[in-house]
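Presented below are the structures under discussion, each in the form of structure tokens.
After this come two complexes, each holding chain A, first together with chain B and then together with chain C.
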Partner chain A sequence: MSAYVLRRVAAAVVVLLAAFTVTFAVLYLLPSDPASIMLDAGTGGGGVDPAQAEALRERLGLDQSPAEQYVAALGRTATGDLGTSISSGAPVATLIAQALPETAKLAGFALLLAVAGGAGLASLATWTRSPRLRGLLLALPPLGVAVPTFWVGLVLLQLLSFRLPVFPAVGNQGFASLVLPAVTLAVPLSATIAQVLAQGMRAAWGAAYVETALAKGATRTRVQLRHVTRNAALPSLTLLGVLVGNLLAGAVVVETVFSRQGFGRLVQAAVTTQDIPVVLGLVLVAALVFVVVNLLVDLAYPLLDPRTAVTSYARSL
Partner chain B sequence: MTSTVDRRRTRYRVLAASLLAPALLLAACSSGSGDPAAGPATSATSTPDTATATPGGTLRFALGASPSGVDPQQVGSNVSIYIARQLADSLTDQDPATGEIVPWLATSWDVSDDLTTFTFHLRDDVTFSDGTPLTATTVKANLDALAGPLGASAPLAASYLGGYTETRVDDEHTVTVVFGAPNAQFLQATSTVSLAILSDATATADPAARLQGEVVGSGPFVLESYTQDQGAVITRRDGYAWASEVSQNQGEAYLDQIDFTVVPESGVRAGGLASDQFDAVGDVLPQDVAQVEGAGGSVLTRTNPGVTFVLQPNVTVAPLDDPDVRQALNVAIDRQQLVDTVLSDAFKPATSVLASTTPGYTDLSDDLAFDAAKAEQLLDGAGWTKGTDGIREKDGAKLSVDVVYAPLFTGSQAVLELAQQQLRAVGVDLVLRQLTPADQQAVLTSGDYDTYYYNVTRADADILRTQFSSAGRNVNKRAADDVLDPLLDSQLATADPAARADLVAQAQQEIVGEALAIPLFELAQSIGVAGDVHGVAFDASSRLLFHDAWIEQP
Partner chain C sequence: MSLLGTRPADVVGARRASAVLPASPGPVSTGTTSTGASSAGAARTTSLRARPGTGPATGRLARARRHPLARPGALVALLVVTVVVAWALVPTAFTSADPITGVPADNLLPPSAAHWFGTDHLGRDLFARTVHGTGLSLQAAAVAIVIALGAGSLLGLVAGFVGGRVDDVLMRLTDVLLAIPGLLLSLAVVTVLGFGTLKVAIAVGVASVATFARVMRAEVLRVRSATYVEAARLAGARRGSVVVRHVVPNAAGPVLALATIELGTVVLAVSALSFLGFGAIPPTPEWGSLVAEGRNYLATAWWYSTLPGLVVAVVVLSAGRLGRAFERGGRTAR
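And then the complex of A and B:
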């Protein structure tokens, strides 16, 4: 088991290094450079004096060759220093430390809603014996995936913030400000979960062990909860690891619509200004989150399905 | 037809709102006497206009975009200046109604006949919010820093200080700024936020730290906090007593505090204003005006001075190396239709390369009048004949012109799409190339474009030299000439306002005559304010001032 974890950690390091390198290369291949963008913003779009741009590049260390800058950035990052933002001068670690907890709250709550909503919908749709209700419920997930996130956000705002002043439209203050953004972010997620889970559950309902359980006198509800859900959950769990990436991507849109501080807004701003240190820091953190979540998902498989616990099973022989 | 009526109605509505406010105040003020329309107040307590303004309260303002920082000298975008302008004062102020330069931190000034030496006599009662006094050495520290290393990240201020030699401290409250060459635009530049005067400590602080909030000014508000991409909180400066005469309120600001929040979605800003989650919002889009007005609010607008939104041609590559083709584009554009169809009443069609609020603006609407027949005639004359698909051809080449633009202003795409249709009607294919600001900069350097779409805000006609001189930014990529370049250079060396205005007028005629720019429309600021908010004002550069602002208190 520990060898397995070690192997996964080594793989994670490779993934992080690759993400770092590719991001650096992409940012460098883009035309223009952060100094010109900064100066252009500084004149309100009035243009850039080449001599000024050169002076600023020198001050920011952007006049070195890409290879020199890559080595410097990599060395710095390896020692835990993410550097400072080019456009604002703020330490990247501070920017991320400010943004990440806000997005973690949003993503965590959205995930909770998505799992509850998706699982609830899928269970109800497969448990019910009314074909009409089932048809209706199973039509919802495609709809949830199809509607654009920003549109859902704006409709919720219009109804529950502007018309009925229940929730604040903007900001990060308190739980109330978290509700609408989390619901918005959860809609496409819960739809995806519901779709996959419902498919698994429908298959499970046709399995022999369900027939056996029913023959032994178990109620439909008990079969649904004890047998069907557990067997159908595995693909959804795998999906969950992937969906964390969707959460981070969705945060860009949701945080913009709801004017929330967070990871997504920071990504959007840093990419626009080609703020290399900030983008690199964000990519590293996102890659790290992705790696850790997928590791946790892999480690959780044996809890649901003992057959997947190959390593520990082999050792116990 | 209806558009004219609409526009007039809006203007009356704004006018009525601004007239109504003081009238209501008069009614509420038992001892009120005198004419509310009389000139600017000279004292906070002696005029009915300001006597009934209720002090106190927090104004919640929704910004349309993220500020790039809060340092008055380094920032350039409108939203950044909305915050930074409140924190600091400048040597002079510019009256938005007349364009005249009036005293602010300097009570008076002397300019040498050759426009190289500017002596400022400073007020002796001004302190910064850290308690330190304003002295001649403070001004020197500020200008020396901007002419030196700080200039790299303060491009506007650095451009105003071109040819800077030194600043001399004559005595504690007298300071002389010396240039190596005539600099007619410098006096107006001293009124801008870019040359605002900050404390001695700030002048020598790290540029990045200043952007993040290490800024001490003498303005009517003090920075409380600033969070990047989120917003800022500013609070009233106690004891503020050195407003310029343009300000109605000569004492402390009325508002206790202003909370700026970045709200990127325009619909959320308008909805937030209508549902009382904000008191004022920036960048009200045409489609949101009804919601703001329906909730009892109003939309304040002012045209940005400076270069209008233009298509500026690259005159070194075909087909726009031919002046007749450029001229044809100029008359093929129906500017009134651009404004009526895709913009709102707040915007005006361009009638020169300068916006109508720029001092020195000349009305060239006759030269820019829509005339499709003339456009066709010019293009026929230039040898471009219509092909089967309606697009003109010459020697096997299509008459295709590209435009590079960054979607910084929300209406740009729609404007350019309509311009594309208008040009197609006379057989010109306009190809839209939307780029990020970063890519746009790269393209500008390489010269790989037919036309470049942009605008610049500046309340001085010297902006023409910056953008059109062959030694300046030279978006036209043209060679030095003996007509336009001398005009642009000599206006900078002309002290007499009338003579300078004449040179500037000639420069505008030359630019439009040679079609070195195809002006489209004048940018305008559009600010939504709730019904109980008064006194939010525009400065000469059409940026917001909150010193006079107040909220009706229960």
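And then the complex of A and C:
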């Protein structure tokens, strides 16, 4: 078991290291001049003074070879130093630490809504015996995936903030300001969960144990809750890492629409001002969240499903 | 024909799962094998049900009618996509209004017979702006798909055909790309390249490379072990000609089906980046930026961002519907 844990942790660290490398390569090694980009953005596109660019290049270590830059950046990042923002001069780690709690609240609530909505829809669609209701329910997930998140947010704002002033339109104050952004963020997510879960549940309904349970006199509701949901839910757990990553990406759009402070707004602002160190830090944090969630899922899996515990034990031999 | 008919059902299942869910590392395979088996079972029952009706009178026509593309939903989707492509090609055939300069006196008019989508704060016709914005938006999506399809297929082909260490390295690379949320990866690329429709298109394409590489590799692995590839090699064909003449044509189908499915996702990603303000420069209309411009007029002009956004939603929904029909059609035809 401990060998399995060690192996998973090592794999997670490797993915994280690779994510850093890829992002660094994109941001620093693509044929562009970060120093000019930063200066140009700083002066509002008013031209770049060559001497100034040279000074900045030296200050940022951009005059060194790519390999030297990479090693230096990696060393700093490993100690938790993500560099300083070009536009504000603040440490990137501080900026991210300030932004994350608000986004964590938003993402947590959205995940809750998405799981409840997606699981509810999938359960109802596979439980019902009315083909019409099933068809109607199963037509919803493709719709949820197709509507642009920013558009859903704007329509909700229009209906529930401006037409009927139920929720505040902007800001981070209180629970009421969290509802619309979380619902917006949850729409595509719940659609994905519903699609995957409905597929698994349909397969489970055809399984022999379901037939046995029904033959022994269990009601459809009992079979749905006791047998189908438990068997179908487990494989969908692997979705969690992808979903949390999507939540962070979705926050970029949602926080912009609802003018909320947080991770997503920081991303939007950093890209707008072409603040490369901040973008690197933000992408790295997103990859870290993805890797950690996946690691937790991997570690929890054998505890939840004894069958995989056997195979992972066999793999570690 | 018979050779392909006997291929294991779980290949189909795995491919479908990977199309829905590009990054699913870990033990999700238990679920996918069972869905693959059930979809194969469903195909069997439909063919059984079809048999009593097939008399001598029903032939090609009946088969055409049973094709997934012939369902009403798919036909509507096809119509939507056709109209939108026509908007992109000849916008002036659909609207005579000027998308760039408006009539200031006519600002913020609600939808009417004269202005189907209403007008914006400068008195420009929003329908005209939506139609004229289609070209740029679809061009960006097409460029993104071409990049993702080209680079992804090449990576997948090399990984699947060469195998061994090369395969390991390339697949770990796609793992990493999938570990970074697509939109964030696109934003990182935009940060470096700068703003504009083409740059947004490249950024979105780069973010989808990994998905295509995965599917292409899976298909190449399937085809590589097929009897006809073995036969060609035994007959003395060179590696290059085996790849070009046998592997690529037989692996291409699912990858192209993925391209149609991904089209909707790519349109969404492009319009999201455009909405965030990284696309075309303001007076030029683009789907995402049109919706963004309406943000300041939500309380007074509901049509401003709602109707252009609705167009995006309908197009993405239709593209997804078509993609699934193509995929299903490809599978039943084989």
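Convention: the second predicted complex is superposed on the first by the 267 of 317 C-alpha atoms of A that agree within 3 Å, B and C clash if a C-alpha of one lies under 4 Å from a C-alpha of the other, contacts with A are read in each partner's own complex, and residues count from 1 in each chain.
Criterion: a contact is a pair of C-beta atoms (placed from the backbone, for glycine too) under 8 Å apart; a residue touches a chain by one contact, two chains touch by 3 or more.
These numbers were taken from a predicted model, which means no experiment stands behind them.
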Open item on the list: I want to verify the contact counts: of chain B and chain C, which reaches more residues of chain A?
Closed with: C
- [ ] Look at A:Q158 in the shared chain and tell me whether it touches chain B only, chain C only, both, or neither; answer first, second, both or neither.
- [x] both
TODO: For A:Q274, decide between first (touching chain B), second (touching chain C), both and neither.
DONE: both
Open item on the list: Going by the contact rule set out at the top, does A:Y209 touch chain B (first), chain C (second), both, or neither?
Closed with: neither
Open item on the list: After the superposition on A, what does A:F175 contact: first (chain B), second (chain C), both or neither?
Closed with: neither
Open item on the list: Output check: A:L266 vs chain B and chain C. Expected answer is one of first, second, both, neither. What do you get?
Closed with: first
Open item on the list: Going by the contact rule set out at the top, does A:T84 touch chain B (first), chain C (second), both, or neither?
Closed with: first
- [ ] Check whether A:G245 is in contact with chain B, with chain C, with both or with neither, and answer first, second, both or neither.
- [x] second
Open item on the list: Touch test for A:T256: chain B only (first), chain C only (second), both, or neither?
Closed with: both
Task: Set of chain A residues, in rising order, touched by both chain B and chain C - done: 30, 32, 37, 154, 157-158, 162, 256-257, 272, 274
Open item on the list: For a test of understanding, state which residues of chain A touch chain C in their complex under the given definition.
Closed with: 14-15, 18-19, 22-23, 26-27, 30, 32, 34, 37, 142-143, 145-151, 154-155, 157-158, 162, 192, 195-196, 199-200, 202-203, 206, 232, 235-236, 238-239, 241-242, 245-246, 248-250, 252-253, 256-257, 267-268, 270-272, 274-276, 279-280, 282-283, 286-287, 290-291, 294, 297-298, 301, 308, 311
Open item on the list: For the complex, give me every residue of chain B touching chain A.
Closed with: 62, 66, 68-69, 74-78, 149, 151-156, 158-159, 206-209, 211-212, 227-230, 261-265, 267-268, 271-272, 274-277, 406, 408, 436-445, 454-458, 463, 466-467, 473, 475
Task: Complex contact set, residues of chain C against chain A - done: 20-28, 30-31, 34-35, 38, 172-173, 175-177, 179-185, 187-194, 264, 268, 271-272, 275-278, 288, 291-292, 294-295, 298-299, 302, 305-306, 309-310, 312-313, 316-317, 320-321
- [ ] Quick one: which bits of chain A touch chain B in the complex? Just the residue numbers, please.
- [x] 30-33, 36-50, 52, 55-56, 59, 84, 87-90, 95, 98, 154, 157-158, 161-163, 165, 168-171, 256-259, 261, 265-266, 269, 272, 274
